[in-house]
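Sharing a structure with you now.
Going in written order, the chains are labelled A, B, C and D, and every chain counts its residues from 1.
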Amino acid sequence: MLPAGAAAAGAGLVAGVSGWIFRHGGTIVHADQHHDASAGAFFQRVEWGTASDDPMAEAAAFREYAEKDLGMVVRVAEAARRPRVAILVSQHAHACHELLLDWRQGELAADVVALISNHRTMEEAARHHGVPFHFLPVDPTRKHEVEERQLALLRERQVDLVVLARYMQILSADFLGRVGCPVINIHHSFLPAFAGARPYHQAHTRGVKLIGATAHYVTPVLDDGPIIHQEVRRVSHRDTVSDLLRKGRSLEKLALSEAVRLHLEHRVLVYENKTVVFD
Amino acid sequence: MLPAGAAAAGAGLVAGVSGWIFRHGGTIVHADQHHDASAGAFFQRVEWGTASDDPMAEAAAFREYAEKDLGMVVRVAEAARRPRVAILVSQHAHACHELLLDWRQGELAADVVALISNHRTMEEAARHHGVPFHFLPVDPTRKHEVEERQLALLRERQVDLVVLARYMQILSADFLGRVGCPVINIHHSFLPAFAGARPYHQAHTRGVKLIGATAHYVTPVLDDGPIIHQEVRRVSHRDTVSDLLRKGRSLEKLALSEAVRLHLEHRVLVYENKTVVFD
Amino acid sequence: MLPAGAAAAGAGLVAGVSGWIFRHGGTIVHADQHHDASAGAFFQRVEWGTASDDPMAEAAAFREYAEKDLGMVVRVAEAARRPRVAILVSQHAHACHELLLDWRQGELAADVVALISNHRTMEEAARHHGVPFHFLPVDPTRKHEVEERQLALLRERQVDLVVLARYMQILSADFLGRVGCPVINIHHSFLPAFAGARPYHQAHTRGVKLIGATAHYVTPVLDDGPIIHQEVRRVSHRDTVSDLLRKGRSLEKLALSEAVRLHLEHRVLVYENKTVVFD
Amino acid sequence: MLPAGAAAAGAGLVAGVSGWIFRHGGTIVHADQHHDASAGAFFQRVEWGTASDDPMAEAAAFREYAEKDLGMVVRVAEAARRPRVAILVSQHAHACHELLLDWRQGELAADVVALISNHRTMEEAARHHGVPFHFLPVDPTRKHEVEERQLALLRERQVDLVVLARYMQILSADFLGRVGCPVINIHHSFLPAFAGARPYHQAHTRGVKLIGATAHYVTPVLDDGPIIHQEVRRVSHRDTVSDLLRKGRSLEKLALSEAVRLHLEHRVLVYENKTVVFD
C-alpha cells in the first residue's frame, strides 16, 4: 500500500516487482493489482515460485528491495508454511463443523490447532477431528478472566488467525488490541443491515425478501469491520424465523468458509476499513 | 385478512371460499393461502373464472358472502379491467424506460396514463410511447403547490397506482394521505441498509461485496414501507462508485419492474408493514 | 393428481378437501395447489392438524373420501412418523457429511438408518454419528451380487428413501425396479448440461461462466430423472478444474440437502418426469 | 498469447511490458494477467495512459517491442476511438432496446451505426434513437442474397462488431468467414443445455429449476462459440412456457448487454473456444 502519488507510480511498481522476480529466476504463479484512484493507493499481490534454496532469505531480500527502492509496504508469506488457526465457537456448531470438514478435505491451507468454546457442544467433534478442545465457560462477572485465559492459550499455541464461528460473546477492545493476529467473524446478516443481536428476527420483522451473511475482520466497533465476503439468499413471506435461521446457517457456512480460505491464501488486503480481495 | 383466531379457522375459510366458487360454477385458476401463526392472520388469494355474464355482480355477491358469513376482509378485482398507472420520474430514466418497454411488450396488465417529471429527460420518449407527459419542475419554495398539481392530475386521470421510477423528491405525508392509491418506489439499495441519500456512495464507503435494490410501498417514513421485491448483485473492490451506479441501474430496473407486475396482478397483500407475495 | 378434466374441477376439489377437513375439526397448517393446464392435471398438498385420537384412521377415512368421492390419487403421510433413510456414498464424502450434520442439527425429519459405501472413507464418521456402516466394495464382475446385498440391506432396514450422496456406481434398472422406494441422486452439474462422467472437466473444457449441481430422482435413464432442486455459482477463466471441483462441492451439498429435506417433508410430487415442489 | 513455455516466462513478460510503459512515462490504469497452466498460455491486459502526443505511434512502437523482444501476440486498441457496432434483430425487440438504451445512457463505449432486421418491429425505435434502420426480409430462397447485402452494408458502415440481439436466422459459415469482425450472439438458454430452437420449451419439458441465457461469440457450429457471459434465474413448476419466456427476456437483456460492454472495453480474449474475461 502506498500513500498519494502511488497512482502514477503503478507502472514503475509493477515493472520493479516483476523485474526483480525475473532477475532472480522466479516464476510468477499469480499476480494481480488494484489502483484505488480516490484513495490514491496502489495494491499488488504476486505469488511466485522461487529458484532459490532458501525462500526465506529471498523473501527478506525482496522485502528490502520493495521497501527501500520502491517505497512499498510489504508483506511476504511463504506458501509452504501453514498458518495456525484457532476457532472460537458457542453452541451453534454448523459453521465450525464446516471449517473442520473443509480442513479435513484439504481445502484450508492451514493447521487448526485449537477449538475454544464456552459450551461443550463441539467437544466430541473436536476429539473426532483430533483438535485440542478448550472449554472456557463465560459469565458476565469473569469475562475479563476468560479473555486472559484465551489470550494465553492463543499465544501458547502460536496462533496466526482466530476465527469466530458463531462465537456469541463480544470480544473486548483490550482483547482485540492484544491478540496479535487477525480475527475473522461471521455475522448472520447482510451487513450493514441488522447489525447486533438476533438479526434473523430483525429481518423477519422488517419483511425483507433476501437474507444474507457477512464474514468480516473484527474491530472494536461491533459488526463494523472490513467485509471479506457476503452471501445472500431469497426468502419469502412463508419463511418463519426458524426457516430464516435454517437458511441462514447455510449462508453462514458458505461465507465464513470462503472468507477464511481467501485469508489463508493471503488474498485479502485491508485498507480504510475495506478489503481488496485478489481472488 | 383476519384478526387472531383465523389460524384455527383456515380450513373453514378455504372450504367456504372454494365451496362458494364451486357452487357458482366457477373455475379456480390460481389459489394460494398463507397463515402467519405469530400474527394470527390468514390470507388467501383466489383467481377464478366465472360462469356469470355479470362478473361485477358475482364479485359483489362473493364479497357479501365472504365478509358476512366468513368474517373476512375482502378485495375483489376484475382481471379484465386494466389498472391505470402514473409514473413519476426525475432525470435517471432507466427504470422508467424499462416500465414503458415492459408495458409495450404486453408484460404489464395495465394502462400507463401519465408520465410526470420534474425534468424534461423523458419527454421525447413519452411522446414516442404515446403517454401524456407532464413537466412539473420542483423547487423547495413551491413543493406544496407542485404536489397539489400532481394530486389534481392523478385524480383527473383516475390513477390506480403511482410508480416512483427514481423520482428524486420526497413526497409529503399530506400527499401520501390524499393520493388515494398505492405508491410504489424503487430504492437503490438493499434496504434496510443504506436508506436515504446516495446509497451507492454509502455502499462504496462501507466496502460491501454485494449491492441491491428494493421496491417497496411508500409510507410517510422514508424508505421504510413494506418491501415487495429485492434484487442483489455481487461487486468487488474493483468497482468504483460509477460502476456501482451502473450495476445498480440493472438491479433497479429488475426490482421495480417485477414489483409493479406483481402488484398489478393483485399478488401482493400488505400487513404489519410487510407483504405477502403470492407469486 | 388427476387426468384431463381436472382443470375445471379445481374449485370442487379444493372445496371438497378443505370441507372434509373442516367438518372433521382439522386445522390446515399448509395448503398449496397447482394446476398444470397443458398436462390437464391438478395437484394439491394439504398439511393439517387433526382433532382425532387416531390419525391413521382419519387418514384412511380421508383417503377413501378423496379417492371415491373426488376421484383423486391420494398419498397420506403422518408427520409424526419419521421416514427411514439410507445413504450410499463413495469416496467423496462432503455431501454425506452435510446430510449427517443436517440430521444431527434436527433439520431432517427422518432417521438415518444405514450408510452403505464401496469405500471406507465414511466409516469412522458413521460410527461417530451412530449410524450403522456397511462396507460393500464393488468391482465389475460382482456388481449384480453387490446390488443384491444392498437390496437385502435396504429391505431389512425398512428404508423409505435412498440417497446417493456422490455414489459413483450406476445402479441397474433391475435394482431401481426392485428397491421399492424413491432414490435421490446428486449430479455434479447443471443438468441437462454435462450429464455423465466428469462434468467439471466438461464444464472447464466448454468454458462456461456458471457451474451447477442438480438433485433429482433416479430413473433407469442416466441423469435424466425428475429434477427436485438445482444450485448454481459463478466461475471464471481463473478457475482450474480443481477450483471447479471445490466450488462444486458446496453446490452439491446445498442442492442435495435441500432436495432431501423437501422430499422428507412430503413437498415433492412427480409427474411427466418433472416435479411439483410445494415449498 | 504465447505457446508452451510461456508459464516460466510470466515474470519476464510482466517485467518487460510494465518496464516499457514505465520508461515511456505511461501510467497503468488497469492491468491483469492470466496463466493457463494446462494450455501453457499466458495472457495479459494492460490499459495505460500515455505521455505521448501521438498515441498511435506509441501503440505501434509498443507492438513492435512486445512482438519482437517478448515474442507476444499483441492487440492494441486506442480507448479514444469508439468501435462501430451494428445490431441484427428479428421480431423480439427487448435485447435490442436494452442495447440502445445502454448506449444512450453512455454505458457502451461505441457508436451504434446500423440496425438491420428482417422485421419492421424496431424501425420506429431506430428512428427515435437516430440509428439507420435497414429492413432486409429473409426467405429461404434468397438467404444467400440477403447475406451479401448484409455484408456489403457492414463493410460500407465500417463495422467493428456485429451483435445478434435475438436475430432468428442462422448465419452461414460463408458469412462468418467474410464478415471480418467478431459477432456476438445471445442464446436464450444456459448453454450447453438446450442449444438450438425453442430452448424455453425444452427447459419447460425437462422441468429444470433454473433457466439461463448465454452471450457468446458466433462460430460456424451452432450455439457452440466461446462463452462471454451467462445469467441464470430460479424458476418453479408454476412457471408456464410464457413465464419462462418473460423471465428469460430479462436474462437475455442482462447477459447480452454485459457481454457487449466487456467486449467493447477490450476485456475479452479468446483461445481454445473459451474466453478470458478481464473484468
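Criterion: a residue touches a chain if its C-beta (ideal position, glycine included) is under 8 Å from a C-beta of that chain, and two chains touch if they have at least 3 such contacts.
For clarity, every value in this text was computed on a predicted model and none was experimentally measured.
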> Quick one: which chain's Cα centre is the longest way from chain D's?
Replying inline: C
> Taking all residue numbers at the chain C/chain D interface, are over half used by both copies (same) or under half (different)?
Replying inline: same
> Considering B-D alongside A-D, which chain pair is linked by more C-beta pairs in contact?
Replying inline: A-D
> How many angstrom lie between the CA centroids of chain B and chain D, rounded to a whole number?
Replying inline: 36
> Per the centroid of Cα atoms for each chain, what is the distance between chain C and chain D, given in Å?
Replying inline: 41
> Mind pulling the chain B residues that touch 2 or more other chains?
Replying inline: 238
> chain D touches which residues of chain A in the complex?
Replying inline: 7-8, 10-12, 14-15, 18-19, 21-22, 26-33, 35, 48, 234
>> Please output the residues of chain C touching chain A within their complex, sorted ascending.
In response: 93-94, 97, 101, 105, 107, 124-125, 128, 238, 246, 249-250, 254, 257, 279
>> Applying the document's contact rule, which stretches of chain C touch chain D when the two form their complex?
In response: 34, 36-38, 190-194, 206-210, 212, 226-230, 232, 236-238, 240, 272-277
